[in-house]
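Each of the two complexes below includes chain A, the first together with chain B, the second together with chain C.
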Partner chain A sequence: MSISITKDSANDEVCITIQGRFDFSMNSDFRKILSDPDCLGDKYTIDMGAVEDLDSSALGMLLLLREKAGGDNANINITRCRPDIIEMLKMANFQTMFNIA
Partner chain B sequence: MDVMTNISRLLRDNAPPLLYTLLIAGLWFYDFHTLTFVVAVFFVWLGTIQKRLHREKSCSRQDSDEKEGLLSSIKTQHKCYEGVASRISHENTAISEEVERISKMVAEATTELAESFSLMNRYAGEQKSLVSGMLGDSQTDNGDSASINDFIKDTEDMMNYFIDTIVNTSKESVRLVYKLDDLSEKIVSIEVLLKDLKFISDQTNLLALNASIEAARAGEHGRGFAVVADEVRNLSMSSTQFSDQIHDVVADAIDGIKDARTVIDGIASRDMRFVIDAKTKNTEISNIICKLQKQADTNMQEISLIADNLDNSVNVAIRSLQFGDIVTQLAGHVSQRSNNITHIANDITETINSQSQASNELEIVASINSVNQVCNRSVEYLKGINDSPVAQDKMESGEIDLF
Partner chain C sequence: MKILIAEDSKLSRSVLSSILEKYDYTVIEAENGEEAIEKYIEFDPDIVLMDLMMPVMNGYTATKEIKRISGDKFIPVIVITSIVETSSLTESVECGADDYLNKPYNAEAIHAKIVALSRIKKLHDSLREHERRLEALNEEAEADLLVAEHIYDFVLDKGHDVLSSVRKYMRPVTNFNGDILFSAHTPSGGLNIMLGDFTGHGLTAAIGAIPASDIFHQMTVKGFSIGDIAVELNKRLKKILPLNMFCAASLIEIDQERTTMSAWNGSMPDIIVTDSNGNLINRIASSHTALGIVSDDKFDRKIDISSLKGDELIYMCSDGLLDARNKDSEKFGMDNYLGLFERNKSSHVNLNNIVDELFSFAEDGEINDDISIIEVNLDKNVDTWHADNKDLIERKRITTGWSASISFDAGSLRETNPVPLLLDMVNGINVIHGHKERLYTVMSEFFTNSLDHGLLRLESSLKSSPEGFMEYFSQREKRLSELTDASIMISIEQKKIDDEWVIVIDVKDTGSGFDVKKSSATLEDNSGLSGRGVELVKRICRSVEYNEKGNEVRAIYSFAKK
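And now, the complex of A and B:
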């Protein structure tokens, strides 16, 4: 149940790896991505391969990240999702706002 | 041979006159007496007469025999004709009766069939209009099918709206939590400021205490200063008390923010699996309803097609019922032909009866001629009758008569 952030300065790409249950308990860690200038980049990749479950607050946090990253111009990839997680993201119409793989 | 045969027959037929002639010729040669010649001629004449009488007698007997035979044959023939005519009359009567029965049965059957088909036609029409109505309803914008599709779309839209609302609420809740965190930080900074304030108060208090000590050491001259120092100390103590109160309020505020954070946590954290299950069930139900509706539409169209076919079949059946009229007309014509034959048979019988008393050649010839005339007249009469009383021989070619 943690978030780790790495930044590839050369490509101005921020990689966020989330593990465990992605819910409200992660909002403090997630806030760091939103408020820390070191965590700003042109491109975001969120590795959700180790995410077991998520709730609506996780979706809210992802939307806040999208706002921060430029709204409709944001370039955010959500990768390695489990099928049920993809199902949940699609149900919230996230496939139109994020690149889900 | 022919010449010899003729000579011998001549000799046989003319034997007596020849004999007499030879006898007279002998006598004439023997005695030239005229009387003898006359006698001779008389004998010759007598012989000739005798021969002729004999011949006529023989011929007369032969003719009489032949006539008797002929009359007898003609009478027999008359009887045969009478028998045949009688039989023909009898058969024709039977034919007429049977044709009449056929006509009657066909007429009854056609009437019943017509009523039955007429009812079927009506029911088929009602069924068709019902089905058309249902099909029409389901295909229009306000119809069942459209309503169901609208309902399914509305439900889906509502579900999506519901999910969007949940996600947006969570987003705003998280944002609110971040604001509250910012607020908490600011409040915590107030507490730091309060600590500074308390330090100042404490220092002031200490300073006032020192001032009091110094005032006491100055004696009578320092008495006024001691009063001021006490007042400063009192103010410092009030300030410390005030600072403690603020500290309590700030602590309460921090606790309140923590509570608010917990509440917002509850609002923001919604189980999405529950929503997924609801949406999945909704989609499944919608699919089932769509499938049922499609099936119902298909069935209705098939029923409509069957109703059309039924309608056509009933119309063909009703049109085919015109066979009743045709059969009746044909039966009438058969009756008419049968009556004509009876009439001819009666005519021939009457003619034969009226001529059956013929007793000589002339009457017999007249009788035969009469019969021939009747036969010829009958043939001409029959030729004059229309051979095709019913022009229509196929049911399809007729117009539909809905009775």
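And now, the complex of A and C:
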């Protein structure tokens, strides 16, 4: 279970990699990232290739990130999701708010 | 710092005292164990130096007693021995002593011991303080939770009508549930049901449940449609809930005759409809964001309306069911859930089977989310639904007739979809709540038939496969761009027929007509990709009539039928 973050300063692009169960146990780490000005960028990629499961608090964290990244103008790609994770994001209709692949 | 010395030899005592006073400690002296206890109680020292062999009461007993009195407060006791005698040391440690000092006294050694022990004491004290604070917070949180639970139960009880059509299984993870179930009859005798799942289990659910319950019940009683209710719930929850909290919800509305079901599914598992034999006949998957996330202007109220025979069973569940895990950590999942309805073809699937299946699956596994499963039995023998007179009163408020007729030529058909405009117009004039989605379904069905089949001559049979579906739309686009000399006329009139106010909808196109019988597949095979068709409209309206040629249709929509 972990979150790591890398930033490409040249393109102002932030990549957040999440591993394991994306649930409430990541809440404080995720909030720490959100409140760190160094972790802000123009464009975000969330690599969910190693996410095994997510719950509604994970959806809540994604919403917080979206707001931080500019709300309706946010540019957030959620990448490398497993098919069942895509299913869950689609059930929540998140494809209307994030670019999911 | 105060130090208590228990020592029967006067000389020894004064030597020790003078050493300690040199280091600025306050010294309290006792001549024996009994006096040491009295002085301990009286002066509350920080550290005790205890001789073992004393008259009246020895050091072992006094140490034991002081440790008993001090309870969970840490008072270091240092025993003073003249010779290193292992047995007396062991005994004194068993009585609670923390360290020992050898005679003769060495000032440096005494001071070092006191400093080290007072450091441990400090650590112990701060730990104890934290523990105490945590305990107090815990108690406070528990008390708050009890209040929230009480409020929550009160809201849910108030909201829960006793309806024999609706059976529920609700299993909270913590002592109160993040899932909510509301059900109530509409003024016209229909039934509205909402199953909601708040993020988290505690306070969010309690905060959100109160306005959600009020909105659901008040709007249902006034006859608003579930589309209206969803809009209002979203608006309110968006306002009161923190950004990362929301309420996934399914809302369904069944009309009094049980001929149609309207459904809005926002982030909940599929709503499942089975026939009376338990065969799966329809699924309404989530197509919306949960309540409380998007702003009012972005909210999608689109309702899925489907036909019913009137003896179906409807199942709704929260995602806790799908997320339950077995001992191999596999999820119950949608496939297992749907499988229940396919496997049990011979025996009638019901709420109890589903719960049994869940528990046999999750045995030795884990269930860490609230689980709710709802079964709505539409069989009229189970429960009868009646309109109340509020609906009649509401309908009597219509006192004026009006009519409008609009025609769209090929150019405007390419540019706009007039149905939403017409709907706004009707809604602007009428004040009866709860008919928006139904009128929309009627008008858009007729309009689509006229345009796609009447004017563009598209075959709806194309839509039976996914590839054909794509083909259908590419042909549609092509033919629409080539369309000339064509028009669709829509007339809407509100008038009184047989002492009842109705809306008469006429749609006429300049095409060569279409075969209504061929187009309107029967209800049974109407669950595919093709539109729900005229058959659904017939169930919504009092009457639907096509002319011989098939290019003119008249529907009479009765406000009373809902």
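Following the convention adopted for this analysis, the second predicted complex is superposed on the first by the 101 of 101 C-alpha atoms of A that agree within 3 Å, B and C clash if a C-alpha of one lies under 4 Å from a C-alpha of the other, contacts with A are read in each partner's own complex, and residues count from 1 in each chain.
We take it that a contact is a pair of C-beta atoms (placed from the backbone, for glycine too) under 8 Å apart; a residue touches a chain by one contact, two chains touch by 3 or more.
Note that the structure is predicted; figures quoted are calculated from it, not measured.
After superposition on chain A, the partners chain B and chain C are seen to clash. By the touch criterion defined above, A:57 reaches both chain B and chain C. Touch criterion met: A:96 reaches chain C, while chain B stays clear of it. Of the two partner chains placed by the overlay, neither chain B nor chain C lies in contact with A:73. When the two complexes are overlaid on their common chain A, residue A:9 makes contact with neither chain B nor chain C.
In the overlay built on chain A, none of the stretches 257-265, 383-391, 455-463 or 491-499 of chain C clash with chain B except 257-265. The interface of chain A with chain B overlaps its interface with chain C at residues 55-57, 59-61, 63-64, 87, 91-93.
Of all residues in chain C, those touching chain A in their complex are 197, 199-200, 243-246, 248, 266-269, 285-290, 293-294, 298, 319, 323, 334, 369.
Listed in rising order, the residues of chain A touching chain B in the complex are 23-24, 27-28, 30-31, 34, 53-57, 59-61, 63-64, 87-88, 91-93. On chain A, the positions that touch chain C within their shared complex are 55-57, 59-61, 63-64, 67, 72, 87, 90-94, 96-97. On the chain B side of its complex with chain A, the touching residues are 160, 163-164, 166-175, 177-178, 181, 265, 268-273, 275-276, 279.
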